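Quick notes on the structure that follows.
Chain IDs A, B and C follow the sequence of writing; residue 1 opens each chain.
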Amino acid sequence: MNSKFSRIVVLIVLAAMLVAGCAPQATEVPSTVFKVAIVMPSSITDMAFSQSMYEGLKKVQAEMGGESAMEIAYSENMFKVPDAAAAIRDYASKGYNLVIAHGSQYGTSLQQIAPDFPKTAFAWGTSLDTFQAEGINNVFAYQAEAQEGGYVLGVVAAMMSKSNIIGETGPVDAGDAKLYIEGFQKGVLATKPDAQVSVTYTGSFSDVSLMATAAETHIAAGADMLTGSSQSVVGAIGICKDKGAFWFGTQWDQTSLAPEAVIASQVYDWTGIIKDMIASVKAGVMGGKGYTLTFKNGGLVIAYNPAITVPAEVKAAADAAIAAINDGAIAP
Amino acid sequence: MKRVLNKVFEALLPLLAVPVAFLIGAMMLLALGANPLEAYGAMIAGAFGDVSGLTQTLVKATPLLLVGLGVCIAFRGGVINIGGEGQIIVGALAATAVAVGFKEWPGLVLLPLCMLAGVLAGAMWGGVPGILKARLGVNEILSTVMMNAIAVQLSNYLLRGPMIDPKEIEAGTRIAQSALLPRSVWLARLVPQTLLHSGAIIAVVLAVVVFIFLWRTTIGYRIRAVGLNRDAAKYAGINVPFYQALSLILGGAFAGLAGAIEVMGVQHRMMENLASGYGFSGIVAALFGSLHPLGSIPASVLFGGLLVGADKMQRAVQVPSALIDTLLGLVVLLVVGSQVISRRRAHRRETRG
Amino acid sequence: MAELFTLPVLVGILYSGIRLATPYLFAAIGETFAQRSGVLNLGVEGIMLMGAFSGFYVGMKTGSPWLGLLAAAVVGILMGLLMSFISITMQAEQGISGIGLHLFGLGLSSLLFKTTMGGVESIEGFKAVRIPLLADIPYVGESLFNHNLLVYAAFLLVPLSTWVLNKTTLGLKIRAVGQNPQAADTLGVNVTRVRYFCVCLGGMLAGIAGASLSIALINLFQENMTNGMGFIAVALVYFGGWRPLGVMGGALLFSFVNAFQLWIQVKGINIPSDFAIMMPYVLTILALAFATKRAQGPAALSKPYERGEN
């Protein structure tokens, strides 16, 4: 009995060693490579929120001198928060210098993880809470002022619309989409108070087909200028192309999908924020800063589609709106 | 004893198909330019190799087991419950609403009340298809699919409106999530610095309860009789529609509890995508356990480990996360596909004597 | 409310509803064949995604939506073969093998998309074909007779499949195998072969359903773009009582209500958008609950058949 028991113990120990032996050894090479990891809720090819950040990182990487200077690891489609939390913790324990939690839903988890890794810097968006009030000093926060670009694009749409009917279509009436859609609406109505703005939601971030039907419905109701938010708008853009309506994009430059239909996009340019965070970390500041993407700091950019001529007075009005937002005269 | 061993062996036999799935996965990994040995090493170590991995696996296994128990009851009763997703969502919503609404109540009262709310909400969400089936003959696959979609929209509405965290409105970020649950209803952490919570124990205890319920009570016996042979059960005087509705309601109750435990133990607030996938993965976990409540315990841990390990693998070798779904799909297909072998073996054994 | 019952709105609902119903029709009629032969295939969603991707990719590379359609059909058949092998030959629990197939298709379509394309692109798919004379009918003509070919095909499939199921020897065999495989077997019908045929046919139609999104209606591919449509399609088979005409009724009801709820939002009717979005799901359940006649499903549905069992 006793020997049998010990034999089993030996077997278990051996099995455990085998399993542990399989694990890739964590190689903590103190090198000059700056290691960034990002965890995001949708895919790096979503033409929207996640892609804007991923491409931003790629751009900074290229500027810093490629993979020898900066290493990027990513986990996409982490829409389950516990999985995302595990990923964040994992990257931190593997010695990444900066771990980006690119989803507002990750906040509660990050607040629990960050104190365990004081040598790692974290970033959380979209939010403006760095948890400093809770005594945490290694979290950066960032948020896009989506309503600013929404307002400016609304001005452009109002001036270019012939029917004075404008359609907006979003996923769920909350968060970044809500900010953008409300800003756009304000921009339209400030320019043409008699214009009619209709808003639809599809209840899903990924229902491409219903988003397409929403665009169809807006156009049938007379809209000639449309906009919308989330990765599913790609469906709506195609409908605009087919029906001869025009589209305004947000989060990422959506011109490539329909060069004949997309007038302009609000593009999130995270590079400035990324560079500042990297510089801070290198200087020993691990967090505590809250960033916003605005026109003023160059984080928001209106990318016009070169294939569609936007009248000079419209562009001038858009620039005036940007200037007014920058000096506080307009608060979208 | 030998009979039991034989049975265990036959239950485990289909798992031998897992390596086949992984072999195909290895080819895909090679095609993606990753080293399969490194990838699978990271997978196993990630799921079971250390405390952090093991606790993550158990955290994942908890909702899988709870949903799986409901699936066991439903399948034993001859109905297919694919409404787990929606039932988890309403269970979580109800628990959150009670916790946030009565946050000053003592935890001793509030905590069980939250769980009860989750159970009742889930039972109601499973009850609608159950009663529609019993009374009007509406197929449960149709109604549970629809009820899933309805639950998502209900959750969207509540989380951006009545139940939104007041702080989100204050800050102007307007993220669709509820306020933080009061600490009094947070489930105790079993291992510090990890997410493992006492819900795991509840799930295991309930697995035993379900086993006793299905095999040692009259109601359980009748549910199984209905599932085994509806016509025979009917001739034996069993009210078939009633027991089918009951198995759907119980299935919903367990999924609802899974939702409540997920918010109370892991997330501490209700948010979007809370259920994502557990409703379906729970079905798979239950099947890996041969639709037996006790078999579901190791099966949930194994499947939970597979999910956790696959995520780790994605990070270790940086392959697209879509590979994980592909691999899981293969595992499921091959495991269900090879069950016939053990079934035939059991059949032969029994006919031989 | 009155502004919802104007002519442009009704015409708009008719047009959008018909387009929305197209993928459901293909997938649900395919599933009707599978279920009529006794196989429950819950993996329609995964097949649709594979069809959507392969249709799009081949369409993009060759510039021909026809070749894309062919590719989607072939891939759909292959997925159907996989499902057949697992659930007919290996007699697996069908509810679960379908979920496995769904996961497999979901993952593989995204994986292929990531490795071959890496980003969302759009193509020129099937163009709308305006049917002369018919499209000139006042009010409804444009809504009914100015669609792409796949939309027409989906609706033509309804009478065609009704005829096959009810009036041909093949249909008789399919129904026999789904109703009483033992009896069919003794009468010399090859149960396995008929079931393989039906599941593969269902797979082909599900593949085309996916392609109808990616190369005809929306003309792009994105990960998980079907977003649960495959499961709705399975539900519609029950709604339609395993008859193609009933399935069409369900698909149209669901799609018209979906188009209608968007109009509610566009017209600014004051109810929360979430409740508007719920409408098609709620009404589908209610419609079936209050329908008077209830069809009996194939008796051997989701039961594997083993020769000489009884």
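Heads up, the rule we're going with is that a residue touches a chain if its C-beta (ideal position, glycine included) is under 8 Å from a C-beta of that chain, and two chains touch if they have at least 3 such contacts.
These numbers were taken from a predicted model, which means no experiment stands behind them.
Chemist: Based on the averaged CA atom positions, which chain is farthest from chain B?
Modeler: A
Chemist: Identify the chain pair with more contacting C-beta pairs: A-B or B-C.
Modeler: Of the two interfaces, A-B and B-C, more C-beta pairs touch across B-C.
Chemist: State, to the nearest whole Å, the distance from the C-alpha centre of chain A to the C-alpha centre of chain B.
Modeler: Result: the chain centres lie 31 Å from each other.
Chemist: Could you tell me the distance, in whole angstrom, between the mean C-alpha positions of chain B and chain C?
Modeler: Centres of chain B and chain C (C-alpha means) sit 28 Å apart.
Chemist: Quick check: what residues of chain B touch more than one other chain, meaning two or more?
Modeler: Residues 153, 156, 160, 320, 322 of chain B touch two or more partner chains.
Chemist: Give me the residues of chain C that touch two or more other chains.
Modeler: Residues 110, 113-114, 223, 274, 277 of chain C touch two or more partner chains.
Chemist: Quick one: which residues in chain A touch 2 or more of the other chains?
Modeler: 77, 172-173, 203-204, in rising order.
Chemist: In the complex of these two chains, what residues of chain C are touching chain B?
Modeler: So the residues of chain C in touch with chain B come to 42, 46, 82, 85-86, 90-93, 95-97, 99-111, 113-115, 223, 228, 231-232, 234-236, 238-239, 272, 274-275, 277-278, 281-282, 284-285, 288-290, 294, 297.
Chemist: Name, in rising order, each residue of chain B that touches chain C in their complex.
Modeler: So the residues of chain B in touch with chain C come to 28, 31-32, 80, 82, 132, 136-139, 141-143, 145-147, 149-150, 153-154, 156-157, 160-161, 280, 283-284, 287, 320, 322-333, 336-340, 343.
Chemist: Which chain A residues qualify as touching chain C in the complex?
Modeler: Chain A reaches chain C through residues 43, 45-47, 77, 167, 172-173, 198-204, 206-210, 212-214, 216-218, 220-221, 231-232, 234-235, 237-239, 241, 256-258.
Chemist: What residues of chain B sit close enough to touch chain A in their complex?
Modeler: Against chain A, chain B makes touches at 38, 40-42, 44-45, 48-50, 52, 56, 59-60, 152-153, 156, 159-160, 164, 171-177, 180, 193, 195, 266-269, 271-274, 276-277, 307-308, 311-312, 314-316, 318, 320-322.
Chemist: Within the complex, which stretch of chain C touches chain A?
Modeler: It is residues 8-9, 11-12, 15-16, 19-20, 23, 110, 113-114, 118-122, 213, 217-220, 222-227, 229, 258-259, 262-263, 265-268, 273-274, 277 of chain C that touch chain A.
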